[in-house]
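When the chains are written out, they are named A, B, C, D and E in that same order, and each has its own residue count from 1.
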Amino acid sequence: MAGERRSVTFWILAVFFGLFLVFLYGPLSAILILSFQGPSGGLTFPLNGVSLHWFRNLTEQQAVGDFGGSFRRSFTLGLMVMVVTVVVSLLAGLAFRRRFVGATPLFYLAVASLVVPSIIISLGIGVMFQQVGIRPSWYGSAFGAHLTWTLPFGVLIMFAVFNRFSPAYEEAARDLGASPWQTFRHVLLPMIAPMLVGVGLFGFTLSYDEFARSLMTAGTYNTLPLEIYGMTTNVTTPVLYALGTVTTLFSFLVISLTLGIIVWLGRRRARG
Amino acid sequence: MAIAVEQPAASPARPAGARLVSVLGRLAAYLQAAPLALILGVFLLAPILMIVAVSFWDYDFARLYPDFVLTNYAETLGSWVTWRTYLNTLKYAAIVWALTLFIGFWVAYFIAFHVRTATMQTVLFLVCTVPFLTSNIIRMISWIPVLGRNGLVNATLIEMGLVSAPVEWLLYSDFAVVLAMVHLYTLFMVTPIFNTLMRIDRALIEAARDAGANGCQVLWNVVLPLAKPGMAIGTIFVVTLVMADFITVQVMSGGQSASVALMMRNQMSLLQYPAAAANAVVLLVLVLLMVAGILRVVDIRKEL
Amino acid sequence: AQNPITLRQFGTGVSNLNAIAEKCKEDLGITLEMTATDSDAAAQRAVTQPDSYDIADIEYWIAKKVFPAGVLQPMDVSRLTYFDKIVPLFITGKLTPDSVIAQGTAPHTVGFVEGPDSTTFAKAPTGWLTMVPTIYNADTLGIRPDLVGRPITTWADIMDPAFRGKTSILNIPSIGIMDAAMIMEASGELTYADKGNMTRAEIDKTIDFLIAAKRAGQFRAFWKSFDESVNLMASGEVIIQSMWSPAVAAVRSRGIPCVYQPLKEGYRAWGGGIGLAKHLSGAKLDAAYEYINWYLSGWVGAYLNRQGYYSAAMETAKKHMSDDEWGFWVEGKPAKGDILAPDGKVMEKAGAVRDGGSFEERMGKVACWNSVMDEDRYMVRRWNEFIAA
Amino acid sequence: MSKAAAIDIAAVSKIYGTMTAVHAISLKIPAGSYCCLLGPSGCGKSTTLRMIAGHERISSGDIRLGNTVVTDLPPARRGTAMMFQSYALFPHLDVVDNVAFSLKMKGVAKEERRARALDLLKLVQMDTYADRRPAQLSGGQQQRVALARALITDPEALLLDEPLSALDPFLKVRVRAELKKLQNELGITFVHVTHSQEEAMALADLIVVMNEGRIEQAAHPRTIFERPATAFVARFMGDHNVISGRVADVRDGAVTVEVAGGGRFDALGRPPEGGQADIAVRTDRVRLGEAPVPGLGFTGIVTNVEYRGASVKLTASGAGIEDFTAIVGDGPFFARPVTVGEAVPFAWRAEDAIVLGRLGS
Amino acid sequence: MSKAAAIDIAAVSKIYGTMTAVHAISLKIPAGSYCCLLGPSGCGKSTTLRMIAGHERISSGDIRLGNTVVTDLPPARRGTAMMFQSYALFPHLDVVDNVAFSLKMKGVAKEERRARALDLLKLVQMDTYADRRPAQLSGGQQQRVALARALITDPEALLLDEPLSALDPFLKVRVRAELKKLQNELGITFVHVTHSQEEAMALADLIVVMNEGRIEQAAHPRTIFERPATAFVARFMGDHNVISGRVADVRDGAVTVEVAGGGRFDALGRPPEGGQADIAVRTDRVRLGEAPVPGLGFTGIVTNVEYRGASVKLTASGAGIEDFTAIVGDGPFFARPVTVGEAVPFAWRAEDAIVLGRLGS
C-alpha cells in the first residue's frame, strides 16, 4: 500500500466526501459557536462577545418551560424504549427462526410500522386514547408510539443477525447437555450481545429524538424534543443554542459509550 | 427450523413425548412473537383502524360525531389545494430522493471502494453517522443562522463581493426545505447503500477490469446494478420520511410551503380530526403503494 | 396557607411563566406545573386531553371552541373574591360605558354560561364564568423604523410592494384572518358586515387576496408564536409585520430599533383567561379557586403589566407597581426613572414613552377581536389553502 | 474413558416436507469401529449422522446405541458426542471454557471442570493454548479443541461431520493420522462423514457408501475397493472402469457383455437379472499391451495423460468405451511413453474384471 | 484464437505495508505451457498471479508478456485473462451476458457479441444454459462459464486462481481433464494456482513450488517429483521421506549423513555447505525387508497403517527418524500384513535416496 498512487477519481470523491462532511457538521458548528455568545448576543451572526453565559443560563429557571424535567422524561423514556426494544426484538428474532402461522404478516406489519408516516401514528394513537378514554402520557401512549418506530429497526436487525447465526452453535451446546435456557444464556446471548447493544443504542437515540410521534401522545408533560420545539417558538436567546450544544454533546456521549461497550465486548471475545 | 416444517403425517409411530417437544417448540415461537404482535397491534394496527373509522366521522370545532359521512374525503379530494399539496410533497420527495441518492451513493461508494483499511472505513462511516443521532430539530434550526438574510452564507457572499444584496431564497424557501431534508435524511441512503456495496465481491470488480471495463463501465455495469437493493431500501426510507415530514417544511419554509403532513398537522391543531384522518388515509395508501412498488424491485428479507 | 396540592396548567408561552409558579408556591404553597405550547396545540390539548390538565390558560376565541366540548367547568362568581375588580371590557364588552363593542369574538360574548352545567354561552353576565380573564392586549403592526424608510400609518402598508419579501403575518387562522380583514378594509378591497363573522363570500375574497399577495412574494414567512415574531424582526428577515407589544419591546431590548405602530384603523385585540378542567373537584377545586383569587389579587397583574400586557384586574395590580411604573405602562406617561424588567435589566430608559400611549388609548381603539366565526370550518379550510398555496 | 457402543440403525427415514432425504436405511456399526459415511454431496450423509446425534428428528425407523433405543432421546442423553464441520467452537469462550462447557452445564464446580478440561486438552496436545480464543487458533488447532470438547462427555460414540474439510491438504493428512490414532487409543465408536474416498479408505474399518438417501454398500474398505457392489460404488470410488453392456454369454461364474457398438468383455460373477450388466475393471491392473485372450482388453485412442508422480493415469476411448482409465507405474510408462491421440492396446487379467450388482437385486 | 505468449517475471517483489509477500522472484514461463503455481497457504501464489494479471501493483521488478513489458499496463491491455477462485460471475447478468461482458465494454453491438458469446459457450458445452443466472448453475457449470468469459478476450495467457477448489472431489477430477484438454486445443499459456500437489502434477508442464514468497523449485513435474530441489519441496510434495543429519562422509557423488541419536544413511549427490544435509527417500520405492548394505534401510516401529486401495501407506519411527513413510502395493502388503506397533525392516535402493539442496545455495 505504501507509496501506491491514488487515482484521480479518489481525489474527486475525497473532496466530495469532505464537502459532505462540511455540509453535515457546518450548521451544527454554527450553533455550537453561537451558543458561546456574550450575554447580549442574539440568535444570528455576528457573535456578540464570547462567554459561557448561555450555558449558565441553561441551568437556571427559564421564563417558560422546563428543560430539566423534559430531559429527565426523555431520558427515562429512552431507557424504557431501549429495554423493551431489545427484549421484544430479540424474542421476535428468535420466533422468526421457526416457522409459525402469521410469520409473514407479522414481518410485513413490522415493515409497515417503519414506513407509516409518524404523524399518522401520532394522530391515530391520540384519537384512539381520547375515544377509549385513556389519558395519554409520555410513559404510556408516547412509549407505545415510539416502539412502533424502534421495534421494526430492532426486529430487522435481529432478523439479519439470526440469518447469519449458524445453528451449529446451539446444536453443539445441546449436544454438550445444555438445556434450552442454558443454550440461550451461555451461548446465544453472549454471542449476539454486541448486536443487542447496538439495537439498544438505536432504540434509545430514536426515542430520545422522536418528535412527530410524541406530538399527540406525550400527554401533560413535554418530552425534550417537544420542549426544544417549544423553545424554538418561545425563546429568543442563544440559550436555545446552548441547549442544542448540550444535547448534541449528550448524544455524542451516549454514542461513544455504546461504541466503547461494543469494542469492549469484542475485545473480551478476542482476548479473554 | 426444520422441526416445524416436518409433516406430522410422516411420523405415525412417534411416541407422544416427541410430539410434545415439537408442540412446545411451536408454542415457544408464538410466545416469542406475541409481544411484538401485541405492541404493533395496539399501537399501529388499532390506531390506523381508528383513523380509518374517524375519517368517516363528522365534526364541528370542538367535537367528533361518530357517523358515516364522505364529506371529509369529498372536501379533501375535492380541493385543488389538496392536489397541489400532494404534488408539492411529491416534488419534495422526488428532489430530496434524487439528491440523497446521488450524495448517498457517492459517499458510500467512496468509503466502500476507495478507503482501503477496514478501520478507516468504520471510522469514516461513523463520522457520517454521528450527527444523525443528535436532535433533528436542533439540526434543522441550526441552518437558520447559516442561511438567513444576515446569516453566515450571505455575510460571506457580500464580503467577497459576489452579491450586493443578501440572497433571499436561501431561507424560508423550497430551497431551504430541501436542503434541510437532505441534511436530515442522507444517512438513510448512505447506510443501506454502504451495506450492499460492502457485500459486493471485490473479485467482480477485478473480473470487470480484466474484461476491459474502465472505471465508468465498472460503475455502470457492475457496481450500480449490484447496489440496487441498497438504493431501493434507502429510497423507501427517504421517500417515506419526506412524505411524512411537516416540521422541516414548516420551519424551513417559514410557514410558506405546505406538505401533506403539514396540512394534516394544521387540521389536527384546529381539531379537525376527521379531515386529518381522511388525509391520513389517502397519504397512507399513497405511501404504502410507493413502498409496495419499491418492494417489487427488492426482497428485503433477502437483503437482511 | 401551605397547600400541598399540585395543579397542572398549560397554555401558551405568553403567560405560562415560571415566575408565576414560583410566586404561587411561595404565597399559597400550591405547586403549579406549567407546560407551554403554541396556540394551536393549546386548543388541541384543551379539547382532546382534558385529563392532562387542571387549569387551562387559553384565549377567549379558543374558549369559544373548547367550552362547548364540555371539558371545562363554569366558575362560580360568588367564589371569586375580585370579580368586581375585573375590567368591564370582559363583562360588558365596553372599556368605558360609551365605548362601541368591537367586532369578533369579544371576550364577554363567551365569558358566561347559564348555569353550573351549561355549555351554551349566555348573552348577558350571569353567576357562572367560563373563564376568569387574566391577560389581554391590543396588537398592531410592528416595524423596523430604520428599514421601512417611511411613515407607517395604516394596516394597508404591509402590502406595499416596496416591502415585498419582508413582511409577515400570523399563521393562526382565527388571528391571521382578522389581521387580513384589517388589511382588506384599510386598503379598500372589501368592507365586511362583521369582520368577526364573515360570510363565505367574504372569506373567499379575503383568502384570494392573501393568496395573490403570497404568490407575488409579499411575505417572507409566517409565524405562530411570540418569539418567532421577535426573531424575524430582530434578524432583519422581516421589517413590517403584525406584532404584539411585548414582542416589540423584546426586539428593542436587543438594541434594535423597533416600533409598535398605532394605525388609523385601530387595533386587533385578544384576551386570555384561565378555566377549570371539568374533572376538578374537592380539595383540588378549592385550591384552583384559591389560585385564581390569588391570580387576580395584584402581584400577577403587576407582573403582566410590566411585560407589556394588561391585567384583567387593573386596580389590584396598581398596588403592586410603583407610580413610575404605573405611569409608564398604563397611563402612557414618560418614564421618570429607568424602567426595569423583572430580572432587573433596564428595559426602557428614563424619559421613554410607551408606543400607542395609555391603556385607554390602546384598548379604546380596538377594531376587532380574534375570532371564531360561524363559518369557522370553512374559514380554516380556506386558510389552510392559503398556507399551502 | 467409557466403553464403546454399537450403533444399530433400523429402517430409518428422513422426510423434509415432500422430499425424502434418507430412504429407510438399515445399518449396524459394530462397537469400537471406525465407520465412514461416504458419498456425493446431498446424498444424506449429514442427515444420517445428525439423526444418530439427535439433532434431526427421525421420520420413521429406530436407532439403538448399545442396548438403548435413542430415537426420542435428546442429544445429550444419547451417549454420543458430535464434532461439527466448522467446529462450532464458542467464539466468546476461551479454549478451556469451550472444553469445560458441558461440565459447566452439569453444574460441575469451576476448578474441577477446568482441571478435567485441561486433561483432555493434554490428550489432544492443546494444553498450552488453554486461554486462547478460538479465533486465535489455526484450523488444525481448532479441530483438536473441538475434539476435546466432544470427548469430555465420555461418549460411547463420536460423530464427526466432515471434520477435516476445513484443513489444508498438507494438514489434512497429518490430522487424519492423529484421528485414527486417537480412535485406537479410546476404543470408542467413530462415525465420520466425508466425501473424500481417500479419507474414508485411510481411516475406516467400515465404509458406508451412500447415494440419494440409500446405502449402496457398507463394507470393509478393501471389500469396497476390490469388490464394489454396484456401478455407483465402482465409479464413485474411482478406481474401477465401469463397462455397461448387454449380457451376451453366461458361463460358470463368468459373464460376457457386449458394449453397444463395440467390443465384448468377460468378467467374473453371476449375471444380474434383465439382460444388462455392468462390469468393473480395476484401473491399476490394466496393462499396456495386447490381451492374450479376447474379452480381456481392447485398443483405444489415448485422450488424456495425467502424471501422478509414482504413476501415470491414461484415459482412452475405444471399442464403445468412453473414458477408460489405466493407472500405469511411472517406470514402465516413461520406458515407453504414450501421448494423447495415440492408439494403444490395453489388457487385464481375468480376475481383475468383475460383474457388479444392481441396487435392490 | 490468438497465439500464446511466454511470461517473463524478472525480480518481481510485492510489499504490503511492511510485509513482503513476494521476494524478488524470477521465472520464465514458456509460451503455450501449462504452469502451476503450487505451495502452502499464504506463500504468495495468488499475489504472483495477480501481479501477472495486473490486479496487484508490482512493488519492484518487471513482467513481460511476449515482447511487451506489461508492468504498468491495466489488466485488459496485457493480453491476459483471469479466472477467479469463486468465478466472480456477475450475479445480475445471465450466462450469455456474462460471457459477452468484455465485448460489451468494447462497444461491440448486441447481436454480434451474443453470437460470439454463444460460440464460446458451445466450446465449453454450456450453450444450452445461455439465459440462466449464475445462481442457477452448479459449481462445475459456473466454472465453465467463467472459462468462457475469460477466453472471449482471446488472451495470450489464461490465469487461473484455484479454479477447481469450489468443486467436489468427483467433479474436480473430471473438470481437471477438461481444462487440460482445452489448453491443448487452444495452445495458449495457462498459469494455474493451486495448493493441491495432485492437481499440479496432473496438469502442469511446469510446476513452480513457492514457499514464503520465494520460489523453491520451478521444473517439470517429473523433475519435481523425482529430484526435489529442497527439503521443503520434498516434504510438500509428500512423496519423499526427508532425513536430516550431519554429513558424516563424502564420497564421489555420494554422501553419508548421520541422524542425531540414530542411524547413518547414504544418498547420491554433492553435500551442501555447512556440514548438515537433507536427504530424500522416495516413499514408493521403500520395500519391507532387510537392506542388503548398511545406509540404505533401517528397522522401525510401525505407527500407522493407512489403506489406500491399490496400495497401503505405512508410517514408522526408528533410527532417529520420525514419521517415515513407505507406500507398499496392496498385493505384497496383504500377502504379509503388518500392524501398528510391529518392528519392521525398511530398505531402498541406492538411486532412490538423493541429497537435497538448500535454498540460496
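Just so we're on the same page, a residue touches a chain if its C-beta (ideal position, glycine included) is under 8 Å from a C-beta of that chain, and two chains touch if they have at least 3 such contacts.
It should be emphasised that the depicted structure is a prediction, and the values quoted were computed from it without experimental measurement.
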Exercise. If we look at chain B and chain D, which chains touch each of them?
Worked result: A, E
For this session: Provide the labels of all chains in contact with chain A and in contact with chain C.
Result: B
Exercise. Busiest chain-chain interface by contact pairs, anyone?
Worked result: A-B
Exercise. So which chain is the furthest away from chain E, centre to centre on CA atoms?
Worked result: C
Seminar exercise, completed: Chain centres from averaged Cα atoms put chain A and chain B apart, in whole Å, by 16
Exercise. Roughly how many whole angstrom separate the Cα centroids of chain A and chain D?
Worked result: 54
Seminar exercise, completed: Averaging C-alpha coordinates per chain, one finds the centres of chain C and chain D separated by a number of Å equal to 92
Seminar exercise, completed: Here the gap between chain B and chain E, centre to centre from mean Cα coordinates and rounded to Å, is 54
Exercise. In chain D, which residues are in touch with two or more of the other chains?
Worked result: none
Exercise. Among the residues of chain B, which ones contact at least 2 other chains?
Worked result: 3, 5, 148, 150, 268
Seminar exercise, completed: Where chain A touches two or more other chains simultaneously, the residues are 1, 43-44, 127, 216, 232
For this session: Sort out for me which residues of chain C touch chain B in the complex.
Result: 40-41, 43-44, 47-48, 65-69, 165, 168, 171, 173, 214, 219-224, 235-237, 372, 376-377, 380-381, 384-385, 387-389
Seminar exercise, completed: Listed in rising order, the residues of chain A that touch chain C in the complex are 40, 42-44, 61-66, 126-127, 130, 135-137, 216, 219-222, 230, 232-236
Problem set entry | Contact footprint of chain D on chain E as seen in their complex | 40-41, 168-170, 173, 176-177, 180-181, 184, 195-198, 201-203, 221-222, 225, 236-239, 282, 284, 303-304, 306-310, 313, 315, 327, 330, 334, 340
Exercise. Which part of chain B faces chain C closely enough to touch in the complex?
Worked result: 60-63, 75, 79-81, 84-85, 88, 148-150, 168, 171-172, 253-258, 262-263, 266-272, 275
Exercise. Where on chain B is chain A touching in the complex?
Worked result: 1, 3-5, 25-26, 28-33, 35-37, 39-40, 42-48, 50-51, 54, 64, 103, 106-107, 109-111, 114, 116, 124, 126-128, 130-131, 133-139, 141-146, 148, 150-152, 155, 183, 186, 215, 236, 240, 243-244, 246-247, 251, 261, 264-265, 268, 273, 276-277, 280, 283-284, 287-288, 291, 300-301, 304
